[in-house]
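Could you have a look at this structure, given as structure tokens, before my questions?
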């Protein structure tokens, strides 16, 4: 791409825990320490930042100053809508008070995003769904989801929102689980300022072909952000870019070029056992390498092979560019 | 349900082949022989019938007479859009002549459906998609798909059409692969007389929860037919109803009741190694058993447990009704 | 079964965290509090207990006294071999000092098991494996795994050990990922006092049919323990028993009867969003219900249907017993 | 590899059918025509040949002459044990007469293999298994499987046999479904002249990492053949080599080098919609390209990175070799 700019979720630089290593993978780090690590990644200059911040008394202004001092920028603000209070749902929680608390988190995030100059506020409704058959009134979950989207988008008409869909984790089954379902929810909400974050790994998990999902979202005019990483297809492993699916990543980059993407490409990685600076630097190096491969692809020949459905010819063109 | 009526795809009664047992599972049967077997299944009186018929000179009138004589009715007509001529796509075939041939098959099926008094013409675009990364221009596949839907629906404004989505097989990756994507394609086509056949097994394959997919399709006003069967989740095994997923089937039947379903429930089974009459009779017996269980469920208590997200209480209500 | 006795992993009663709700699902609880909750579950009297205990200065003697006072018994002791220190492997960690630390944890667990009168020490090598293609020398991982099994089993010839296999989580890919691979590793170790914990959910994740895996492990004389729970097949959701897969659970119980199982049946659940006492009580109720169904099955008729491969007849026998 | 030699299953050159396109993908071809096509693939000189031949009166001597005339050789003979007669199992069929018929097919194949000078006779027990929960007596299926292996291997002590495992298709669930289970069955049979065909795609389907499975089979001294192709992980799509999983294929080739592989590498492809000569030629070109990449990898550095579990360093070494 003419202007390849990179961002990352700040969580890559913090202490990760899971249900087994409850004492964590790597050391605990302050917001400042995480940002300092981020600044060490060659090519990385945008961040998706969670709010509330880890330190309760840290102000948005302080974070803005930290970013500025390190040459970083906020690409997005993602309110924590999946922590303890929201484990039975944020927008769809059975308790109206919790649903209000979720909205309050979004209102606060909108303010922080404005202070940080972030491009969008991300909804990641990872606890909104259900766990086992028979448990859920799906129509009710849908209504609560759509109502929340509508209400929040309407309350902040100047703010761009974006939903990151995912089929499962942490909730066993998540309501907004794939690209098309999320597009329908946004339609139902009837709002213009809500789009989609297309996360490559979530798309694989959802059984989609990521480049195909991207064109669908773009066609509907809802592509707000694109995140890269990789996994073994059944779970959100958040591995380095193209560590498993090289051609699907290449194809995704081709699709971004085709829609004229000029915004940052974000990394959503969880380097459980790796040095985060090394892991993210490697992903950026990989994307640059694949972007150079895109440059070498004879796009007209590829389009022609695709028009004829000549799969072998198409594969040969990709191999020639990569190898 | 007040009025539980059953149908089946006629293919359950014919000779099945696959890429290994190319000489077939069971004997070859004429259309007449298949219909006679269907008539032996207790409770079965509707059929989804493929066209062209196996015998080239069999007329629709003859089939209508056969059906009538056996006390059977046509629920749907499904044109063969996935046979040899269409292996690289019907609506999205790279060859315009083949795309026209696919439309001609649909035009013919519309005529046959009228003669048989069938409720809908089914599109099952199982060859429309791609095989490997890099092969497809997804935007182009989408346009060709939407164009075909629009053109055919517009040409036959009095005919009800219904699309049966499926993520793969026979094509390695199918364009209309899940419920929400198919709803978006119908929207794009801008037609009123096209809806969806919700096949339980295809929904499992697509990573959906079938009862959740059903409410989504219903909410959009596009539910035309419902098909039952079962599988091991990764592939379209077309097994007897609830042989693997009992509670998800029960929940699906509850969802049908909730939307006021009063049309036949269809069986889409491939009894590779079983007697088809026994296999389908067993499925109907299972559905009746589960329908009786639905009758026993305290729906208000279930709704209340769902509203509270009390999963254990919901499960207890289902178990009490089944056991 | 003649003598249906139940146990559970103690973790069901503690605070669960994951990588998103890092502040936990439910309140933090002391060992005493967890045991008191366990004692409230009707029918539960055995526990699989992790070591080191949460409280560093809690002695095995104190835990033994607590158990005794509550009418509970230790079924197993499971050393924490997957916490922070071991995130790059316990038995296969690249650092020899960490491999020694893992052995030391096992030595300690053996002592605790003796004090608690536990039936076995469980190896759950959830961090032993790898993350992405190219990373691992599989032969080396295998040797380190087999060496550790051999060394530990040889060091404690009076102790029964049991390995719980699982294909992934927390490690992205786990070396001992299915039943047969684990049997081969035990063979390679050449020891008699190591067997297998067959966890129903892990078996589903591994693409196995749990009852089939059980007969394989039993045939090799290596069945030490059996754990029940359920999931949606792709991930270890640790849901209530038979909440998704009713017939596969029934078949598993039939297989346990057939091998003459007279040991406790354990529950491995993570009730993230449920009351643990309610969630585990419900599972025990379910198992009792299914055990009563087993009692009603005409086993000779079932065996006869199986011998003829009459799948429909076999299904009818199961349905008749359940409904 | 020092001596990279290629083979393929002859089925790639014939007419493929499936349960939808029952009239076939591509034209019907005689054995002669298939062999002539095979001879056109640059680099291909070994074949895995099915028996009985398509033409009932074709003799093994005629096929030997055809092969010789075209500069081809038989690598393996694979008896049809999965056609109509065997749809409820070959070795495990409930009917003893069918089990005898299966053995007769193997006896005949042994004779043909001798006449053709083939390296091994392949068992591909794709119909041996079951379809739905409750249907099978797993212990009985195991015994029948092991008995057949033992009896056939003992009857032909000079013949090398090899089993190709696969988790499903055509049977819904196949008894010999993964590498380790198959190794245990061979052990139980107690024979020396039976090994394993490691098919890359079947290994992916089984949830294995193919290079890891290969080392396991090699360690047990049972690696007889290796087949390459690719798929989307959930099904046996039999796509061109590395069209989806580039690094896993590269790693598989590295593993073959490490075990000193000097036998042909076979292609197991089903080019449903592609020209078979083009599709197989492309795969050979890909393998050669990846073999050249293997040559460029600093194996000592890779081993060192693996020993340290430095996943990023290992990935960088692979990327440097490929790009």
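For clarity, chains are labelled A, B, C and D in written order, and residue numbers in each chain start from 1.
Criterion: a contact is a pair of C-beta atoms (placed from the backbone, for glycine too) under 8 Å apart; a residue touches a chain by one contact, two chains touch by 3 or more.
On a predicted model such as this, the values are computed, not experimentally measured, just so you know.
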Pair sharing more residue contacts (C-beta pairs) when A-C is set against B-C: A-C
Label of the chain whose CA centroid is most distant from the centroid of chain B: C
Chain centre separation in whole Å, for chain C relative to chain B (CA means): 40
Whole-Å gap between the CA centroids of chain A and chain C: 35
For chain D, residues contacting two or more additional chains: 88, 131-133, 173, 232, 240, 243-245, 247-248, 273, 309, 311, 315
Chain D to chain A touching residues, read off their complex: 232-233, 240, 243-248, 273-275, 278-279, 282, 286, 289, 293, 309, 311-312, 315-316, 319, 322-323
Touching residues on chain D, where the partner in the complex is chain B: 16-25, 82-84, 86-88, 126-127, 131-133, 168-170, 172-173, 230, 232, 234-235, 237, 239-240, 243-244, 270, 272-273
Footprint of chain B on chain A - complex, ascending: 88-89, 94, 130-140, 142, 167, 173, 177-181, 183-184, 206-207, 209, 211-212, 215-216, 219-220, 245, 247-248, 250-251, 255, 302-303, 305-309, 311, 314-315, 317-318
